[in-house]
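Letters are used for the chains, namely A, B, C and D, taken in the order the chains are written, and counting of residues starts over at 1 for each.
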Amino acid sequence: MNDLKYYPTQELPYCRIHGRTDRSMQPLPLFWTGSGLEVLVNGTELWIDLEVDFDFHEPWAAYRVDGALMGRQMLLPGRQSLCLFRNMSPEAVKDVFFFRELQAMSEDPACRLLVHGFKTDGTFFPVPDRPYKLEFIGDSITSGEGTYGAVGDQPWIPMFMSASRHYAAMTAQALNADFRLISQGGWGVVCGWDNNPHHALPLCYRQICGLACGPANEALGAQKPNPFEEWRPDAVIVNLGTNDNGAFDQPAWQDESTGETFQNKRNPDGSLEAASVERFEQGVIDFLKQLRSCNPDAHIVWAYGMLGYELTLPIAHALDTFRKETGDTRISFLQLPNTTEETIGSRFHPGVRSHERAAGVLSEYLKSIL
Amino acid sequence: MNDLKYYPTQELPYCRIHGRTDRSMQPLPLFWTGSGLEVLVNGTELWIDLEVDFDFHEPWAAYRVDGALMGRQMLLPGRQSLCLFRNMSPEAVKDVFFFRELQAMSEDPACRLLVHGFKTDGTFFPVPDRPYKLEFIGDSITSGEGTYGAVGDQPWIPMFMSASRHYAAMTAQALNADFRLISQGGWGVVCGWDNNPHHALPLCYRQICGLACGPANEALGAQKPNPFEEWRPDAVIVNLGTNDNGAFDQPAWQDESTGETFQNKRNPDGSLEAASVERFEQGVIDFLKQLRSCNPDAHIVWAYGMLGYELTLPIAHALDTFRKETGDTRISFLQLPNTTEETIGSRFHPGVRSHERAAGVLSEYLKSIL
Amino acid sequence: MNDLKYYPTQELPYCRIHGRTDRSMQPLPLFWTGSGLEVLVNGTELWIDLEVDFDFHEPWAAYRVDGALMGRQMLLPGRQSLCLFRNMSPEAVKDVFFFRELQAMSEDPACRLLVHGFKTDGTFFPVPDRPYKLEFIGDSITSGEGTYGAVGDQPWIPMFMSASRHYAAMTAQALNADFRLISQGGWGVVCGWDNNPHHALPLCYRQICGLACGPANEALGAQKPNPFEEWRPDAVIVNLGTNDNGAFDQPAWQDESTGETFQNKRNPDGSLEAASVERFEQGVIDFLKQLRSCNPDAHIVWAYGMLGYELTLPIAHALDTFRKETGDTRISFLQLPNTTEETIGSRFHPGVRSHERAAGVLSEYLKSIL
Amino acid sequence: MNDLKYYPTQELPYCRIHGRTDRSMQPLPLFWTGSGLEVLVNGTELWIDLEVDFDFHEPWAAYRVDGALMGRQMLLPGRQSLCLFRNMSPEAVKDVFFFRELQAMSEDPACRLLVHGFKTDGTFFPVPDRPYKLEFIGDSITSGEGTYGAVGDQPWIPMFMSASRHYAAMTAQALNADFRLISQGGWGVVCGWDNNPHHALPLCYRQICGLACGPANEALGAQKPNPFEEWRPDAVIVNLGTNDNGAFDQPAWQDESTGETFQNKRNPDGSLEAASVERFEQGVIDFLKQLRSCNPDAHIVWAYGMLGYELTLPIAHALDTFRKETGDTRISFLQLPNTTEETIGSRFHPGVRSHERAAGVLSEYLKSIL
């Protein structure tokens, strides 16, 4: 083994930080799935120095070398070093991207993955800018639920989620783009799958990782306002609505303390109740306004359909209303192909083939507008 | 050659007539693309007896044997017999579907294709009912422009149009459905590609083939009211809007006699003018009402996108408005994949691979709702 | 309609004749499947003037415009003109290739397809040379049996055969090559499927179309020696052996006049009898020698397997023996993917998807050696 | 965390050992790539207890849950426990297959991966027999070189090799078969890529893992005779010849102690020297005899071509000679599709798409004979 030098994350000469985080932190927290560190480095060997903790849901991580997925593994608690490569040609410059495979866990405030630094005998080089930046906002689909595991596997556990076999990663690769994921399984625009109105992505969009709760996450900067001016996406892709839709078939949610309830309702004939739809549409409009205020120049693409098309018209209607109200024409609606028996993965969620199909439609579309 | 017996169309013991026509006519006119006659027959030999005429645009025809495309050819003027098979096994029952490959030609009132009868040494059998009936309403996409010919070929001539390599035919095959096409290249919901408001499919939807003009077509029954009660589609798929969209980039149309003009306009910033969009949306709503009144039980699917997505939101908004106004929930919006460099055909129109992609999305969707 | 000028085939200023024929004939006979005439012509209209006859098996024809398949139809007896295009842009130069879709019919000496000439208002241009020339020698697979028709259709009739949906045409398109087909269903290297030793392609390889018998074909030049020096293929692809293999499961053939018999035999355990295999191998070696003497510079590729792999080792052994004996290294063996349930066509023969797979393997290989 | 019970490998109530090893060992060594342990277990949690060592080349491991690839990682030296799942449903029975991703390393006698046992709160169940057993014998292709990593990546290091994205694994999955890999990069039938005649798989076929040298491996049982009677493959697939072929373009190998040399030679015209070819063919024949004596009932399929076809005829000739000499007809030759620009992986080796194509051809073939 060669003589390795240690670089704390904050002292890396060059490094691309992917995903929203507080970039001033040492160690650096990786909150969202797909968040990670990309380095260009020569030398024969590279290690990453991590700190991991959780109460229930362990984080998973994966990494790419020169764009190709190399490893994927469960992370256990504690400080630890992972070797990312050994015995490579010393002169060759390698692009290594280490990233979190697990969504931010709103349900496990102890869950965290921190990067302390790298060890290498090589030299770091600047990671060249890519032509595009893409932000994806979504639910379990965008948390990659179902992208690992066999059809029929059902537990809601981290190992079935990923950012590696993911329509966002595939789309970004097709466009040569950097990307960020903001996602939470079960959440929606106005409420979660269980009608819980607190499980709405818009509520935490302005914070770095607003749904990572508790003092530990707060100390890591999760609740700080996100510095939108530092990373301006060319397109914001919103893949939400699937849980708002699911809520129409669930009992009302009740706030245990206040007694307040919330429910998306169906009419006796099974159709969607008008008031529930209007509330949802208003939620979409409000979120669009928020997105626009945070991302003044981005195309906003509402991309929907991988788990059913039922809210197509309400979403499109809300987009249209927003456009008419504001005169803002840099928004559009894109239908992603529904998941079929041939493309399903574990947990009755889109499998890798469904993600490939969605990425095909999405990247074709983004190429046409960017 | 065996002893062949001649059967005038009206005297066929069994025969499935595909496409809108006046079924009482002898000979039977085939107005729309995809219209034709399907017979189940044994014997060694089968001929079809045709009458063809046109001023400029010659009709093409094709036929399937047991569902597989067998022949496709240009038809020249005059009475003529085509041999559809020879030397087949006498006992085997063959399913033969002869059909028109050319859209109804609003611009060539002399264009016609009539079926006088069949000649065979076989016996006819009933064509079993298929589980579904589908009606497709559209423009050049639904007239199959671009499905034959090389990329780069440009003339607007019949040989580049078809019903044989067609998303409707593929969708119908995937669902085991009968289908009808109502289509006209360049036409739209409210106006044609050139802003001509008479080139609107809704204007002629209630007639058998309202856009086939002139006394000859009238004598063939084209202007008669269509007997909707005789053929009840399970789904009506509307693939319109592409020409209304194109009209936004064209000069105004002017009625030479009245001086009246029509134009879809863009704002100075390139966005769609609100008044033009509203008129289009109202046109969609009105057409939906007409479709519903003619097809009380059908799912109505507005399927749009094979040549661009720009009117997605206006169409969806109109559908949503119709739904809210009427409480009618058996309508939906489906985005068909845009045509790309890899899937384009002749005349800058969707090629066969684009039709295959559209058929994939559409048949998956129809299977989920029917 | 414009003023059309008639050009007898022999007086065409420019024309590419595809397929073996006697080029001095007027009218020009098209003996082999895939044989035809390719012209580059501008103008609005083009007709081809044909003469057709047969006793039992009618020829089919197809044509391409700018490389894209446009029409395909049965031909009935008599002199007749087919319109190949109408109303095209007068200046645009079109590439039109009209070709025979039916193999040479050794069983129907009256079957013939002659081209008398073309009629057009356009001007002819030279057809540019393509970089490669390919000759394919085969049996029913290379006669395209099964490329049209539904799975399950069984009669042995022309309409199920083609040169249009054909691995040779696809391979030629992938390499931008001209190609010729020399094929006969049921024939083999040493004997036919029924053990008839006269049904062996090598017996007629040196004539223009040696298996087209009778005085009529003779008068058309079929029995003349083929002028190999006029068309030097870069590769000769031999797809034979399938019928020699089939013969192992058939009763002996007997010559009615001489009483002589012929049979490929199996051992009691089902394996191939050594003497039969040796005779087959010698036949392969002899044919290779003949091919080499006729084609001194061509790569010879024995491509086998689309209907089973059983003779792989005997064929390969014969090729190896030929190579060792002669020191000729420009021969090779290529296995084509066997036909599966997913890729089968009519008549239990390779369907269009099997031809696509074979063309993929073959064109990759030819690209690597040419 | 639940109460976990530890099971030494030898005390597992049920367990399927994949790959050749000395089954009596505790801990159990995993010598070959693809070797591993498969258990059926319920409970919420499963750990595997490993011991790892190496001088230079670290082993990698991967695992499947219910057949789906879940994790893949580099292993570092020392005793260690990996968690294979956590928080699964306690009742559900999971199929977990942990396996080595790195070939046996003839060049690193210290390299080893041992399985001490499992820890779980679940109960083990018998792993049901699969209908087929397949053995694959090969070189770098069968060691999965190139199946991970980007096109252009070149170092010869473990991370670019795998048994997970592998034609053998895909073939086995298609047939529902157990499989074993016997492979070594750079080795051949008679000599290695560098003409070294000791780098020949047949030399070590009869031992459990004859190429794992040194006292440590010997103590693990590597040099013991393989108990062929304990695992009878239905088919033995030999994918060798690629390095014998490469040796024709390399300088002679010389034994430093004896001065003895070895070289496959080309003639001045570039063709293969007859004597070298004969020696190779004899090597194939001798290996076939060895394979048959060890596997009296197996189909032997020589599958060749993923990195070039040049030895097709010598291999086929040798197979044919063996068949004629021995009357053994349960052998066959299968050409696997050559790797193309579209299907290449890292290290100029077949990528995952090339493995998929090979698996397609191979599994279709095996289904037809088994």
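Everything that follows uses one rule, which is that a contact is a pair of C-beta atoms (placed from the backbone, for glycine too) under 8 Å apart; a residue touches a chain by one contact, two chains touch by 3 or more.
Since this is a predicted model, take the numbers as computed values, not measurements.
Asker: Show me the overlap between the contact partners of chain A and those of chain D.
Answerer: A chain counts here if it touches both chain A and chain D, and no chain qualifies.
Asker: Could you pull out the chain whose C-alpha mean position is farthest off from that of chain D?
Answerer: Chain B.
Asker: Taking the mean of the CA coordinates per chain, how far is chain B from chain C in Å?
Answerer: For chain B versus chain C, the centre distance works out to 38 Å.
Asker: Just give me the whole-number Å value for how far the CA centre of chain C lies from that of chain D.
Answerer: Taking the average C-alpha coordinate of chain C and of chain D, the gap between them is 44 Å.
Asker: Please report how many Å separate the Cα centroid of chain B from that of chain D, as a whole number.
Answerer: A distance of 57 Å separates the two centres.
Asker: In chain A, which residues are in touch with two or more of the other chains?
Answerer: none
Asker: What's the complete list of touching chain pairs for this entry?
Answerer: Every pair of chains in contact is listed here: A-B, A-D, B-C, C-D.
Asker: So in the complex, the part of chain A that touches chain B is made up of which residues?
Answerer: Listed in rising order, the residues of chain A that touch chain B are 269, 271, 274, 309, 312-314, 316-317, 319-321, 323-324, 327, 329, 332-335, 337-338, 340, 361, 364-365, 368.
Asker: Where on chain D is chain A touching in the complex?
Answerer: It is residues 56-58, 60, 65-74, 76, 82-83, 85-89, 92, 148-150, 152-155, 157, 159, 346 of chain D that touch chain A.
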